[in-house]
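Okay, so chain A shows up in both of these, paired with chain B first and chain C after.
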Partner chain A sequence: MNESIRSILKEHGRLAIEVETLAEAADLYQAGMTSHASVNVMLALESQFDVEFPDRMLRRGVFGSIASIREAVEELTAGR
Partner chain B sequence: MTIEIAAKPQDAHTPSDLLARVARIATQVARVHAEDVDRKARFPTEAIEALKSEGMLGALVPSSLGGPGVPFAQVAAMCEVLGQACSATAMVFAMHQIQVACLVRHGMESPALRDYMRELVERQWLIASVTSEVGVGGEMRTSVTSVVREGERFTLEKDATTISYGAQADDLLVTARSAPDAAASDQVLVLLRKGDFTLERKGEWDTLGMRGTCSPPFKVTSRGDARQILPVPFAEIASHTMVPVSHVVWASLWLGIAAGAVSRARAFVRQQARSRPGSVPPTAVRLAELSSLLQSMRSSVHDVAVEADRLMGSGDADALSSISFALRMNNLKVSASQQVVDIVHRALLICGIQGYKNDSPFSLGRPLRDAHSAALMVGNDRILATNASMLLVLKDD
Partner chain C sequence: MSEYSAKSLHDGLVAHGLILPTTVQGVFGRSAVFEDVLQRVADLITRMAKDDGAEVMLFPPVLERKTLERSGYLESFPHLAGSVFSFTGDDAQHKELCSRVHHGEPWADLQSMTDVVLIPAACYPLYPHLAGRLPKGGRTVDMQHWVFRHEPSPEPTRMQSFRVREFVRAGSPEEVVAWRDLWLERGLGMLRKLGLPAEADTASDPFFGRGGRMLAAGQREAKLKFEVLVPVISRENPTALCSFNYHQDHFGQPFGIQTEDGKVAHTACLGFGMERVVMALFRTHGYVPVEWPRAVREVLWP
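Up next, the complex of A and B:
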């Protein structure tokens, strides 16, 4: 899953640094992701994992690192 | 049970009493000079000095730091009453309160900033805002310039497109990237103290409206103590405080401008009615329509002000950084900035040539010119573009 998340970030996150070099817990906003880019990341994640992030998850923190994105996706896909 | 005999603020300092004092300053000082301020594009010195003498520049500072701790919704109400009298005074007051709100809500953990807030209450420092920058326009969440830290000190230079009352302010709050190698959106907010910065004026402020805000471009050059860099990322300050507070206080003062225009239209219609008792002047129907538009604007501004006050007071970080909250705050800015122009324009139609003339008691030129700044203060299309992208993921559940 981390690989899919990284490739989505690479394509849509508009990060200022190489996605490969990012630690799982690294702050994506500090790495240059804007709010606008984060929306594209959300859309790509929804499409890739066939999930819909409920509004309660649409917060900065949830999309703030690879680890937090993975947790959110895992929560939504749990029990499939 | 213990009975607390804590030093309660005296009646004279209850928020509603403070609001009454600001209302007095609005009618007795700001209104008197509004015309001159506008014509000469000069700073509304008299009204701002009066607000300082009542301690209003520290209104938001909590009692633990010696301030009156006025609730945010009350400060919005103050902007509204000032807006009715002099838009420039209201905008200067509003912009200053936005800066204080950022310090009060995000600087409390810093001893240096707490000391500053105490001093602000005592000395009534006026703080200007430096977010806009050459090259990024109104995109507040992007900076070109950066803070350069050298041990305990920093240096910072910024080419600012617009700094309202830059030349009159004591201190500045400036956005910048957190370090020379930081990403464009990785920003911090820095307090520049008087004496630590110089401003080089790069142009004039000869505008259609909001002339008394005195907001020309400046080049800012500064150095200071690194403890003046706010200890949290600007991203958080922006979403939790600066954006919601700005949109609410701006919308409130625009509501004041609209209400001021409607009261001129009402006076005009009453005068018409008095001159021909027994017949309802045709403009009265338009006035009835206008009164309903003003009521909708007022309800939406007050509703959102109360909601923002409640959420900010709750400290619910998740709710404050949610997309739905950002959307509602942005909606308020866009709708209020359009309503104010529509309402003032309709008031002008009611007053007719008497409203069009600059030298008539029903003149609406100044409020109309001032109202047109609302859509540009962070371009509405820029805000709508942000909302459009948020709506792609928001489900409204």
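Up next, the complex of A and C:
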């Protein structure tokens, strides 16, 4: 899953540094992701994993690192 | 006037001849009395800002379309924007246009997009003019513009076209945030001096769609937007009369605005919804300004 997340970040995150070099816990906003870019990341994750983030997850922090994105997606896909 | 409702305010303003409704929600005329109060509020704001050295600018109520496109407005608020279209066809198409209008048929497809849009927020025309290096200490600009928001509503306080008195500060993050905090206090103080029970709160913009919910939550978390609120049509949901927005580099980046040492400049703006301030005064003190409390009249008619 981390690879899919990294590839979405590469395409939509508009990060200032190479996605491959990012640690899982690294702050994506610090890495240059704007709030509008984070919306595109969110929408791309939804279509990639066929999930819909509920309102409680539409927060800045949920999309703040590869690890937190993975946790959120795992929660939504659990039991599939 | 104990009851707060959109209808009671609307009916009160109409009964006293202060607004002149049309058949379109959120679009109405203003009377001389209404305009006098609005001008007095504008003068009061001018007095408050007199030592700030703000540059005064005035733009028409239309904006270059490319400025809107560059600003990111359509990413955030596509549902509020108003684009100007006009007829550029030939004689045959003109005949078709007239015939369709005459028969009450749709005619939008016979128009084409122009180079202008309606100003969505009072500060937008300014940003292209701030491009380049700012002087030491940044710049502060004072404007009042008619702005357009496509949000028809029966609430008199939610207009499609209204005036915003807006100040913009461009400079370093520290300069901009300190300035915003100063004005938040000034705005609160000014409205309280007018006898309005004003309170400040964090707020978010009405961003479009599901992505918008995320942007709004981020804006609240980062405390980028504050509003000063007063009960006007509801006690539980008071109306925002002023808003204070810290844009960070949202405009500095696309419009190439730099601080004197060459970093991307940050900007903030604060806007007074002029009609809303006037309506709050009418709702709080009554529809006849000569009968307002003396203390309030002395502030507005010094």
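Observations, loosely collected:
FYI, the second predicted complex is superposed on the first by the 80 of 80 C-alpha atoms of A that agree within 3 Å, B and C clash if a C-alpha of one lies under 4 Å from a C-alpha of the other, contacts with A are read in each partner's own complex, and residues count from 1 in each chain.
One rule holds for everything that comes next: a residue touches a chain if its C-beta (ideal position, glycine included) is under 8 Å from a C-beta of that chain, and two chains touch if they have at least 3 such contacts.
Bear in mind that the values here come from a model prediction, so they are computed numbers and not experimental data.
Legend: residue contacts after superposition of the two complexes on their common chain; A:M33 is shown touching chain B, with no touch to chain C.
Looking at the shared chain after the overlay, A:L58 reaches both chain B and chain C. Within the superposed three-chain model, A:A16 lies in touch with chain B and out of touch with chain C [touch as defined at top]. Set against each other, chain B and chain C touch different numbers of residues in chain A, with B touching more.
In the superposition on chain A, the residues of chain A contacted by chain B and by chain C overlap at 35-36, 39-40, 42-43, 53, 55, 58-61.
On chain A, the positions that touch chain C within their shared complex are 35-36, 38-40, 42-43, 53, 55, 58-61, 63.
Of all the residues in chain C, the ones that touch chain A in their complex are 72, 75-76, 210-215, 217-219, 221-222.
Considering their complex, residues 15-17, 29-36, 39-40, 42-43, 46, 52-56, 58-61 of chain A touch chain B.
Residues of chain B that touch chain A in their complex: 141-142, 178, 182-186, 233, 235-236, 239, 317-318, 321-324, 386, 389-390, 392-397.
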